[in-house]
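To keep things simple, chains are lettered A, B, C, D and E as they appear, and every chain counts its residues starting from 1.
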Amino acid sequence: MLTAAELEALLLSLKISSVAVLCALPFAVGAAALLARPSFRGKLVLDGLVHLPLVLPPVVMGYLLLIALGTRAPLGGWLLETFGIRFMFSWTGAALAAAIVTFPFQVRAIRLALEAIDPGLSAAAETLGAGPVDRFFTIVLPLALPGIVAGAITAFAASLGEFGAIITFVSNVPGETRTLPLAIYTAIQTPGGEAAAARLVVISILLALAGLMLSEILARRVRRLTHR
Amino acid sequence: MLTAAELEALLLSLKISSVAVLCALPFAVGAAALLARPSFRGKLVLDGLVHLPLVLPPVVMGYLLLIALGTRAPLGGWLLETFGIRFMFSWTGAALAAAIVTFPFQVRAIRLALEAIDPGLSAAAETLGAGPVDRFFTIVLPLALPGIVAGAITAFAASLGEFGAIITFVSNVPGETRTLPLAIYTAIQTPGGEAAAARLVVISILLALAGLMLSEILARRVRRLTHR
Amino acid sequence: MSLEVALRHDFGPFGLDIAFSVDRPGITALFGPSGSGKSTTISAIAGLLRPDAGRIVVNGRVLLDTERGIVLPPRRRRLGYVFQDARLFPHLSVRSNLLFGWKRAGRPASRAEIDHLVELLGIGALLGRRPGMLSGGERQRVALGRALLTAPEAVLLDEPLSALDHARKQEIMPYLERLRDEARMPMLYVSHAIDEVTRLADHMILLDGGRVAAAGSVSEVMARLDLFPLTGRFEAGAVLETVVGRHDPADALSELEFAGGSLVVPLVDAPPGARIRARVRARDVMLALHEPRDISANNILQVEVAGIRLDEGAFADVQLACGATRLVARVTRRSVERLGLRPGLRIVAIIKAVTVDRRSLSPMGEPPAG
Amino acid sequence: MSLEVALRHDFGPFGLDIAFSVDRPGITALFGPSGSGKSTTISAIAGLLRPDAGRIVVNGRVLLDTERGIVLPPRRRRLGYVFQDARLFPHLSVRSNLLFGWKRAGRPASRAEIDHLVELLGIGALLGRRPGMLSGGERQRVALGRALLTAPEAVLLDEPLSALDHARKQEIMPYLERLRDEARMPMLYVSHAIDEVTRLADHMILLDGGRVAAAGSVSEVMARLDLFPLTGRFEAGAVLETVVGRHDPADALSELEFAGGSLVVPLVDAPPGARIRARVRARDVMLALHEPRDISANNILQVEVAGIRLDEGAFADVQLACGATRLVARVTRRSVERLGLRPGLRIVAIIKAVTVDRRSLSPMGEPPAG
Amino acid sequence: RAQEPVTVFAAASLTDAMEEIGRLYGEQTGHAVRFSFASSSTLARQIEAGAPARLFASASEQWMDYLAERGLIEKASRTSPIGNSLVLIAPADSPLAPQRIDGALDLAALLGPDERLAVGDPDHVPAGIYARKALEALGLWEEAEPRLARADNVRAALALVEQGETPLGIVYGTDAAATDRVRIVGTFPVGSHPPVSYPFALVAGAATEESEALLGYMTGEQGLAVFRRFGFTAD
């Protein structure tokens, strides 16, 4: 049913999106927790930073990543030398790009969820002997779970469609960084590639529908788990 | 401070994003209102349709628009002949592309807000003589206002950064469809254009920060207006 | 002026099957223990719940007739509904909340009527505020006004006071009394607090397990010994319909006259001749075979034992005829034996004036025209 | 076993300035009208509010001393806090809620102690449920258990019953009584409901406008006529410390002995010799110059008028000495004149057995060791 | 009508040269020119969808053929006035010596163990397609293919080399000339790939006086001089 190349792109997309969302999650929770506080110095800057990927075109984000994390760039070079982490031309780089571009979606959803939690519960936990970190993990985070799941799902969907940042940062390497959108793009840019593109679009749509269904089920289960 | 071309791109971006968000708003509210209902036939299909622009790369969305609304296409031709509406190559087309691509952001936020409204208030309005449409506009909508504003702001921010769908659908015409992201792209395409691109990126970032500040203020005011 | 209700509804373990009618203005209480079906009944009347079968007619207008397939939506029923939790619209000012139903009413109240209601409810100073800035009692008063301004043909109140604390309750009671006295339509008042019922209602419908256990005037129902388990042991007692007699400003006491005698109570804020409902709780009535002397109690009534019901435990309820009026005394079984009480015996009932305090008294308004 | 509190805090129009100490296990009530500063006090003790100045010492451990700059965070204070709204964690089962503080306690309770508490509170059947599936009364019982399992050195309860309706309140009271009787630490119980206070507390601290208006044993404070405006007119009365005497199962009556006499009341569920606190409301006490005959009341006590306080309106409060015990009767001023009551006069007090019902009685537990 | 600017769709790689020509043309004739720069494929598809372009300057003969097959260009106006060279580049600070580009070129050795060769995506980017043809002709394709860093467009490939992310890249001569952060290591021999050509044509139905005049200007001496100045070949 699927050609080898299509299957490859599909699996790669799933892998990259999953990794992107899961790795970004802790940071998104942290950023959201900070932003949910009433007010602090630098809040606007953080808010701006978090939203940047939404405002800047993905291509620019990809370009900025290239400048910051290329192997010749100070940061990228340091990562490569110290930890042997290499983002360039690898699927991990694609995941990083996807994670950054979809970061705002996660933060927004989690922040809303955190702000909706009754602060009285945290005070109650404090009288029961729980310190700030303890409270965050045992009370705040579980109660925010539905929001976290919703944010992760949006981010996952957006990751599946991410194109500009990935192609600019890590190029379009079949089997390594050629996700579904890149495969579709490649097909469209080729004269006579419409049919191939259409097949890939259909695959994307089916994937998205499956994801949505899954997310509805997941969200319902999480809600049942945390409430009532 | 700004060159004429930069100013042009900036103003165009603002115009296109504003129009995109405002025109999509009623549809987003409608879609969100439908999706907030417990369950109905075709809910999944609608949900899928709404999320499509998130999952598919913007380039594909632009391409689909091009196929559907080009002046040679049946629908586009009909619109042109019957109403004289021409999206191709014009800023209205860019706004349409931006509106469609950022539609999911609006719907998600509004849907969350709608689902959070106490159904008892609607029942109370019903006993006071208000019909379904009446209730929607006098009770449900005002109470959802904070969510609607939040969704509109996210969509506005995302519109500012929209690139793939616009360049694919309505091309890159200065003064007509060359928004900030397209201007950045054009600058990057020019050898030695990095400096110009960097200026444009900075303009984008400042714009985003201004937007965020405005949105925080707006959100606070709306919240004060509707609650407590 | 009538409200006819017949309903049948099945909730699995709980089934509702009731029929009653109200054909007078003023407050009729729908009283009963928790889970007896009060809210279900009122929701069905309002149209928020669709019963399995039933018929509801207000002033000859059929709101529901499942047999004939008539089901009016809530907004066409022209009923005022006051919810336990007020349900004011948080985004609208008090003024806009009040006028919400008014704007949508078929025959809206005039400006003067609005002003009168606002004054009656004492919410004039709140008009510009948001509901979030009101106290619980203020909220309920606004909710009441909002429902009344729809020019309803009947008003439904589902425990409008039960979410309020004691002080707030006391604060809102007088407004309900004033409304009741001015109302030109039936008000169905759901409550499981007997003091609210006896203070506010003329008539009551007693629900139990989804059935109507009794219906009639509050005094009748409250004096029925067999209903004590439902009307509440400790609070139960007789409700006397009285007329204000002489005031004694020096001692700050008033005399309330009723068919068969009179009652001295702390000064009542009503002119002589005013009709007042007085609740005399069974636990506050002491019995003696002869008139005692030099006793602090101000009320010593000649009564005849009309009936005795031995309750479980130490208790016995003694029904007393005081002329045409019925009283109830709750005493120990030991006393019944010791005094040799039996139906027909003529004895005296001793009632302290201080036990008939303001909470037990409520004005009754004009006698119904019929 | 001690809790010393001295607090000063300024809220603009409202200022708190209090000092008190509790040096006994069992329940001490913090009683006062709405806005008198009860919640502010308890929040400051728990550490959820930081007062302008103050010193709080529990068992010699300084929790707060603004002068010396000591401010322990709430989690290090080792106090159990029961909130008015329970505040159970909705995502955790009842079991996990209970064990939340236990896991974090310095010297946690043993399994056996946990089981005992679970049984005491009657929440064994609920352990697997989520808080969302509990009734209001069940929630408060779980919240109570949760606070107690932190092995606190004192327990703070901020109106734990005020959000519950009457039936739920009655349901939870016995659990609080049992806890009080087993408690080995002071429990500070905030309430503005006098019946809760008299039923549960041995001692009370009366707050008014941010100041301590009175402090002492409940019987003392409740019998003080000058405090009636604060303790509540209608519900005020004396609280008698009694010992259960003879039971009469046939008549379902019991005798309660106190210093100066005895009281017949409906059968008490406690063995002879058990200590019981009985509230005799002033409004339920009738006075007579001579002992009446053939009267239904079971209690006729020889008393001496100790004081008379003419209240506003029709009322007068008469303090009575019955041996070493004080009683209060609320009568009309007219009766005071009519009977010629004056301090020193020897008269009789007549009290119906049925007025001292179960709601007015509560076990007192062991006499304090001191 | 006269003031209505002529709209030109031009491949993104022609951006700076085209803008200069447009400026000169405007100065000399008073007629404004309006450009839209994007990838040749995007522009071709937009023309197919009815975009009101008058003149199409493509970087790819393939996409011009695509339009020609559909009768969307004035076939008679089609011309390929300028060309470009294909060069192998390295970052400016690369120690690499100039290479002769022929079948003996040891790409693997030049790239090192795990570095890549930056090119426009050979699947669709014109510069990449030329690079593929050249590598195939030289017998280097098999070896090079798994080592490619396929960029979205030739400028992105250039950026990879500029950044030093790849030690080598294949771009047009014009791109290499425009930046001093890369060095030309060698030029692909003319015979190794089809000539790099930029087909220009009037869009079907746009054979008006103004657009013909603009095309004439572009392909005339003045236009070609500008292209040459930006490094294009024109004879």
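Rule of thumb we're sticking to: contacts are C-beta pairs under 8 Å (C-beta built on N, C-alpha and C of every residue); 3 or more make two chains touch, one makes a residue touch a chain.
It should be emphasised that the depicted structure is a prediction, and the values quoted were computed from it without experimental measurement.
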item	value
Shared interface numbering between chain D and chain C [over half = same, under half = different]	same
Chain at maximum distance from chain A, centres defined as averaged CA atoms	C
Farthest-lying chain, centroid of Cα atoms versus that of chain B	D
Centroid distance [mean C-alpha coordinates] between chain B and chain A, Å	21
Chain B and chain C: spacing of chain centres that average the CA atoms, whole Å	57
Where chain C and chain D are represented by their mean Cα positions, the distance between them in whole Å	32
Approximate Å spacing (C-alpha centroids) for the pair chain A, chain C	61
Where chain A touches two or more other chains, by residue	63, 188
Chain E residues counted as touching two or more neighbouring chains	42, 45, 159
Residue list for chain D, restricted to those that touch at least two other chains	none
Chain pairs in mutual contact under the definition given at the outset	A-B, A-D, A-E, B-C, B-E, C-D
Chain E-touching residues of chain B, taken from the complex the two chains share	63, 66-67, 70-73, 76, 88-89, 167-168, 171-174, 177, 185-186, 188-193
Contact set on chain A toward chain D in their complex	118, 120-121, 123-131, 134, 138-139, 142-143, 145, 225-228
Footprint of chain A on chain D - complex, ascending	46-48, 73-75, 77-81, 83, 85, 87, 89-92, 100-101, 104-105, 130, 132-133, 146-147, 150
Chain B to chain A touching residues, read off their complex	44, 47-48, 51-60, 63, 104, 108, 112, 150, 154, 157-158, 160-164, 181, 184-185, 188, 197, 201, 204-205, 207-209, 211-213, 216
In the complex with chain A, residue positions of chain E that touch it	39, 41-42, 44-45, 62-63, 65-66, 116, 118, 121, 123-125, 148-152, 156, 159-160, 163-165
